[in-house]
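Everything on this sheet refers to the single structure shown next.
Going in written order, the chains are labelled A, B, C, D and E, and every chain counts its residues from 1.
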Amino acid sequence: MFMARVIGNVVATRKEESLVGSRFMIIQRLDKNENPIGDECIAADYIGAGKGELVLVGTGSSVRVEDKHAGRPIDMAILGIIDEVQ
Amino acid sequence: MFMARVIGNVVATRKEESLVGSRFMIIQRLDKNENPIGDECIAADYIGAGKGELVLVGTGSSVRVEDKHAGRPIDMAILGIIDEVQ
Amino acid sequence: MFMARVIGNVVATRKEESLVGSRFMIIQRLDKNENPIGDECIAADYIGAGKGELVLVGTGSSVRVEDKHAGRPIDMAILGIIDEVQ
Amino acid sequence: MFMARVIGNVVATRKEESLVGSRFMIIQRLDKNENPIGDECIAADYIGAGKGELVLVGTGSSVRVEDKHAGRPIDMAILGIIDEVQ
Amino acid sequence: MFMARVIGNVVATRKEESLVGSRFMIIQRLDKNENPIGDECIAADYIGAGKGELVLVGTGSSVRVEDKHAGRPIDMAILGIIDEVQ
């Protein structure tokens, strides 16, 4: 998992049918001082995150272990809104 | 997931039998301003993408969770055509 | 797996329900001489690690193979406290 | 997946029993112009590839989804011989 | 998979119970000319490797597909001793 900021989103009309209804956010990974690290990614939004928010991002098969998220080709997801970095 | 542009494809006559019929596209990952980031990859085309198109790419076991895509050794796939980056 | 130091933690009030009760630590990966390598990550704490401790970190689906850790979207976890590097 | 050239192989007499009979090739990943990208890896040879050949390489659990390849600790495999890059 | 040299090990008294009895080796990945590439990692030793030995390392869920290695949070393991690089 890592910390990131939501910096945009993409719209894809033609896509895998199982992805209809998911929102795909562009995120920039950050270190604890909020400096950018690594490349931008696209994550499905599980939580209702908005542009500019600081979020917790999960990767890989972990984001499909819950029944409600199984069965869709998603490899990265926003799992929470980060309120505080200590 | 990440955004990429289709820049070519590869042809492999001798290959794992389960891969017969799949198209393998060469893709270049991009940031939201369409600057190249990271190395070129090869992704199976699930959506009918053409050279030059901007696409949404998924990785890992996520691209095999749908029944229609299970059972083939594919670790990266084009999941959608990106119409707009916001 | 890799060696890391716990350098902080994040608080996320709004998050996937299955993550309630987990602690999310910010970790810095280290080489054997304790020089930082790679980017900071966020790992779930399975062991009761405190800030400043040297820890063993696991990644991917491995951190969900034990029944007690299955079913939550966690892709990185602190698995042990490192006492000695030989 | 990615494109690579076979540049050698390794011999390991003492190894996990399930790996007996597999050939382990050293591969160098390439971009579409055949420039080296990234680090050398070791991939199991599923296809009968020879040194110097241009190959299609798959990674992760994808290379174990077919019954004939299940049950062995292989995370990277040569899946095809690339005849043409377009 | 990749080639690496065993350069040390870590001792962790307090750890996930399922990890009791496993040895955790610090490894440095190498290219075919034995030049270091990438960052040091920690791998479980499946084979009885000693410090200084040249080894074959596997990653991800592949190292848990054999029954004898299932059920423990291990994402990287030493799978063989490399006798020769050709």
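Assume a contact is a pair of C-beta atoms (placed from the backbone, for glycine too) under 8 Å apart; a residue touches a chain by one contact, two chains touch by 3 or more.
Keep in mind that this is a model prediction, so the values were computed, not measured.
A.B. asks: From chain A, count the fewest steps through touching chains until chain C is reached.
C.D. replies: Minimum number of steps from chain A to chain C: 1.
A.B. asks: Using Cα averages as centroids, what's the distance between chain B and chain C in whole Å?
C.D. replies: 31
A.B. asks: Approximately how many whole Å separate the CA-defined centres of chain B and chain D?
C.D. replies: Distance between chain centres, rounded to whole Å: 19 Å.
A.B. asks: Which parts of chain A, given as residue numbers and ranges, touch two or more other chains?
C.D. replies: If we look for residues of chain A contacting two or more partner chains, we find 60-61.
A.B. asks: In graph terms, nodes being chains and edges touches, is this line, ring, star, complete or other?
C.D. replies: ring
A.B. asks: Given the touch rule defined above, the chains close into a ring; going from chain D first to chain E, what order do they follow?
C.D. replies: D, E, C, A, B
A.B. asks: Can you name the residues of chain D that touch chain E in the complex?
C.D. replies: That would be residues 7-16, 18-19, 24, 26, 39-44, 60-61, 64, 70-76 of chain D.
A.B. asks: Can you tell me which positions in chain B touch chain A when the two form their complex?
C.D. replies: It is residues 1-3, 29, 31-32, 37-38, 46-47, 56, 58-63, 65-66, 69, 77, 79-86 of chain B that touch chain A.
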